[in-house]
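Below you'll find the structures, each written out as structure tokens.
Common to both upcoming complexes is subunit A, partnered first by subunit B, then by subunit C.
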Partner chain A sequence: MSKIKAYLPFAKGGFLTAIAYRTHILGFLVGELLFSFIMYYLWKTVFANTGGTFLGFTFADMVVFIFISNATRFLIHSEATYTVAEEIMEGSISMRLIKPVRLDLSLMFTDLGGTILTFLLIFVPMLIGVEIYKYFEFGVWMVSPIRILLFLFSAAFSFLVNFYFDLCFGFMAFFLKNLWGFSILKQSMVNFLSGSMIPLDFLPKIFADPIKLMPFASISYTPVMIYMGKYSSSAMLNAMLLQAFWVFVLFMASTLIFAIAKRFLSVQGG
Partner chain B sequence: MKHFLKLYATFIAQYFKRLLEYRIDFLTGAFSFLFDQVTSLVFIFIIFNQIPALSGYPFEAIVFIYGFSLIPKGIDHFLTDNLWKVAYFMVRNGSFDRYLTRPIHPLLHVIMETWQIDALGEFLVGMTLVLYSSSQGIITWMVSDILLLPLTMIMASLIYTSIKMMVSAIALWTKRSGSILQMVYSTNEFAKYPIAIYHRMIQFTITYVIPFAFTSYFPARYFMTRENPWGNIGGLFLLAVTFTSFGVYLWQIGLRAYESAGS
Partner chain C sequence: MIHVEHAVKEFKKIVKQPGLKGSINALFKPSVEIVTAVNDVSFDVNKGEIMGFIGPNGAGKSTMIKMLTGILYPTSGNITVAGYNPQKQRQQYVRHIGVVFGQRTQLWWDLPLSETFTVLKEIYQVETKRYQQRMGYLNEVLDIAPLMTSPVRTLSLGQRMRADLAAAMLHQPKVLFLDEPTIGLDVVVKDNIRKAIAQMNKNDETTIILTTHDLADIELLSHRIVMIDQGKRVYQGTLSDLKERFGKSKKIEFVISDMEQPIEQLLSQRFQQRGVQVYLENERGTLIVDRSIPSAIILKELLDLIAVKDISIKESDVESIIKEIYLTKASYE
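Let's look at the complex of A and B:
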């Protein structure tokens, strides 16, 4: 318990930074919402042409998918890649290394601090909005607290998968020095392969099946499908076990890469 | 004019030196913008696997509009990316001051100081899509298009540039306008698809307020149907000229009101 206490200041720092950069977050929010609304209108037109369903999705399904995917993106957002890459380039990573805390946990708690703010200010309102939408669409309240809890549980795994993936990626800066181009590439790959842009089921089976096994699907697709009730209990269990598996693999990978990368660290004097 | 070109060449030579230093990084940047567009195409492709037309437009027409939107966006992104830095941090951290000490106009200096090679990803995808879709029989090219098409692209790029000029000029008063610019700029995403699919409010906004619809949908529709040249193309030219003049004007009075943020 006292161990966790050592990391709370990092969470507080992350929270305060998020508040200080609120206009930045607002810009990010508007961009993301805009994208969601484009998707909304695009799908609305598409569904008007298909007569009810599109590859097994109804329009209401699609709306829930678009906005819950978006809300999930906010929840799992991590700054680890940027922070690590920047600290490596500046050399300030050395300050982090001499502290008696774990590098991964200190970064994670910084992220979590920001997540608290986005959870309250963005995620909760969006969730309520989606539930209200469902009420108007179906005429009955369909709020399922158990499903929301399962979603949050799965989203926690998503956060960890995304975090450790980001961290592994950030460590590449030890070797490459400048990470800007790669991090944009990484982001567009994650957006597509995680199934947060298009439900993975829409892809041809030959692509969809392998992609679902990749760590990216654990980042967004799994929790969103849980929220939408697209899984049977056994499928849900399997999907969550797969998430846990990827957390473990990426955690080990990040530890390993860090152990090797540390030897490459050269900080140019200040 | 000769003096100007010589200056520009010198700036760009410096840019290429930086580019060579981080060449892998720059290439991946360009590649990722390309990758982004390709995933959007997969998306359009999936949709058209299920339906024959989207609000009356067949696959080729949607690809044409989509590709068309990327070309002016790419041109502007390539040439005037430095305006983002003014909006985000140059005024704030004081580095903007140096432009005031040089013997050329600060706005010109900011723009000609650098290129953004990543934009090639957008530009090349846009060109490929326009060439591909227009070869599928949705457009009958006319001789006058040799002149009209490039001119349209330039005017459409000016819409992007002028909006970036106007919003970055706000930073000359407020020290920072990056987030506003981000919000205003991101509405260009609406222009990738036929505007008929959106709510009336959105249609109104991207036609009359932040006129990104004139960078793709309206001119693209003109080339496909040859209808209403005054509205589709004339409107674009009028807006491009008005917006650019206003952008330059805002910079002029912004520079007069400018107070340095200090060291």
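Let's look at the complex of A and C:
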């Protein structure tokens, strides 16, 4: 317990930083909402021409998908790649390495601090908004508290998968020194393959099935499908076990990469 | 306390040829050059000792400190500090050290200074009672209480350095590493910082390793010095030893007022058998005299011989000795 206590200041720091950049958050929020509404109108047109359902999704499903997958993206957002790359580039990683803390946990708690703020400020209002909209528009009230809990549980795994994936990627900065181009490539890959842009079920089965096994699906697709009630109990268990598997694999990978990468560190300047 | 054996650090550096063609070549076939920043350096430091690292820019001082603090991995060689391997046992090891990099800060930039200390209290898990005791002590030595409510970015460089030192000493480390702690500070602040460092060394028996360009830091603080140049150790020992061995002579400079006399002849005749070297350039003259000969005797003889307008005596100081060592690039061990 006292071990965890040593990391709380990092969470506090992440929280305070997120608050300090509240205009940044506001811009982000408005931008993302706008994006969600564009998606909404796009899919509305699609569904208007399909007669109600499309590949097993009703329009009500699609609305939930658009907003919940966007909200989930906020929730699991990690700054690890950016922070590690930045600190290596300007050499301030030294200041982190001289503290008696694990590199991964200190970064993770910084992310968590920001997550607390996005949870309260963005996720909860968005969730309530979607449920109210659904009730008035479609007359369905389908989400149960248990399903929300399961969703949050799965989203916690998503956070970890995304975090360790980001971290592995950030450690590349030890070799490459500048990650800007690669991090854009990474982000588009994650956005597409995690199924946060379009449900993976919309892809041809031959692509969708292998993608569902990749770590990206664990980042967004799994919790969103849980929220939407698309899983049977056993499928849900399998999906969560797969998430846990990827957390473990990526955690081990990040530990291994760091063990190798730290020998390559050359602090630039000073 | 600190044991360093044949430490070597090599960096790979990508060499780019100039121009567009060079850049394109480097993109596909980078040519890599190996730079040796630290080349076979060994030394030991005892508990409670202050050891100074000196050397010109790019000599490898900072790289050495970064290896000692566990940030960089030595390419080869052994480093042990306080019984730990700084690289392999980083997390346990850094509990016992404090680090101040003069050109960086570990203070929380946007928040009041007090926040930094509460954070450090949690990170190092300092008990509340112990924390208050330490803060009282650090305030006594470094006078940080008046700074506590100011955001760090509003502190002056001198105030920031005091705060950084206090932050590094909060958990009472066994070893304190200071990488250019007085860089950019004015004379009075420098002096205060030095006094504080000396006091903390005495009270806590903290072993201190310090790198600097300012020789006054070394003269006032360190018990021993290691001088490195181009990654190699060129001198190790005490400062008085250095002076003893390389500062054997003093310089007497004078300005002649009456050029009518046969000065050169007079001076050579008088001083040659004493082993004093005489140099003359127009009205300026210099005598190089062994330190064992009292200046008074030489001065009296000089004044009796010729008419002199002005006189100054210069002991060969550390600065000139070191300058000589840097320039000749020789090993003086």
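Just so we're on the same page, the second predicted complex is superposed on the first by the 263 of 270 C-alpha atoms of A that agree within 3 Å, B and C clash if a C-alpha of one lies under 4 Å from a C-alpha of the other, contacts with A are read in each partner's own complex, and residues count from 1 in each chain.
Here is the rule we go by: a residue touches a chain if its C-beta (ideal position, glycine included) is under 8 Å from a C-beta of that chain, and two chains touch if they have at least 3 such contacts.
None of these values were measured; they are calculated from a predicted model.
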Taking subunit A as the common reference for superposition, should the pair subunit B and subunit C be classed as clashing or as fitting? fit
Output check: A:R263 vs subunit B and subunit C. Expected answer is one of first, second, both, neither. What do you get? second
Could you say whether A:W180 touches subunit B, subunit C, both of them, or neither, answering first, second, both or neither? first
With subunit A at the apex, the angle to the CA centres of subunit B and subunit C, rounded to a multiple of 10 degrees, reads 90
Is A:H24 touching anything from subunit B or subunit C once the two structures are fitted on A? First, second, both or neither. first
After lining up the shared chain so the two structures overlap, which partner does A:P9 touch, if you call subunit B first and subunit C second: first, second, both or neither? second
By the touch definition at the top of the document, which applies to A:N191: first (subunit B), second (subunit C), both, or neither? first
With both complexes overlaid on chain A, does A:L55 touch subunit B (first), subunit C (second), both or neither? first
Tell me which partner A:P100 touches in the superposition: subunit B (first), subunit C (second), both or neither. second
Where does A:G229 make contact in the superposed view: on subunit B (first), on subunit C (second), on both, or on neither? neither
Name the chain, either subunit B or subunit C, that contacts more residues of subunit A. B
Of the two partner chains, subunit B (first) and subunit C (second), which one does A:V46 touch, if any: first, second, both, or neither? first
Once you lay one complex on the other using chain A, what is the shortest C-alpha distance from subunit B to subunit C, in Å? 5
Same subunit A residues contacting subunit B and subunit C, which ones? none
Along subunit A, where are the residues that touch subunit B in the complex? 23-24, 26-28, 30-31, 34-35, 37-38, 41-42, 44-46, 49-50, 54-55, 176, 178-182, 184-185, 187-189, 191-192, 197-198, 202-203
Residues of subunit B touching subunit A in their complex? 22, 24-33, 35-36, 39, 42-43, 46-47, 50-55, 118, 178-180, 182-183, 186-187, 189-190, 192-193, 197-199, 202
Parts of subunit A lying in touch with subunit C, wherever the complex brings them together: 2, 5-6, 8-9, 12-13, 16, 20, 91-95, 97-102, 262-263, 265-267, 269-270
Could you pull out which subunit C residues touch subunit A in their complex? 11, 62, 66, 69-73, 90-92, 94-95, 97, 99, 101, 103-106, 108, 110-111, 118-119, 122-125, 179
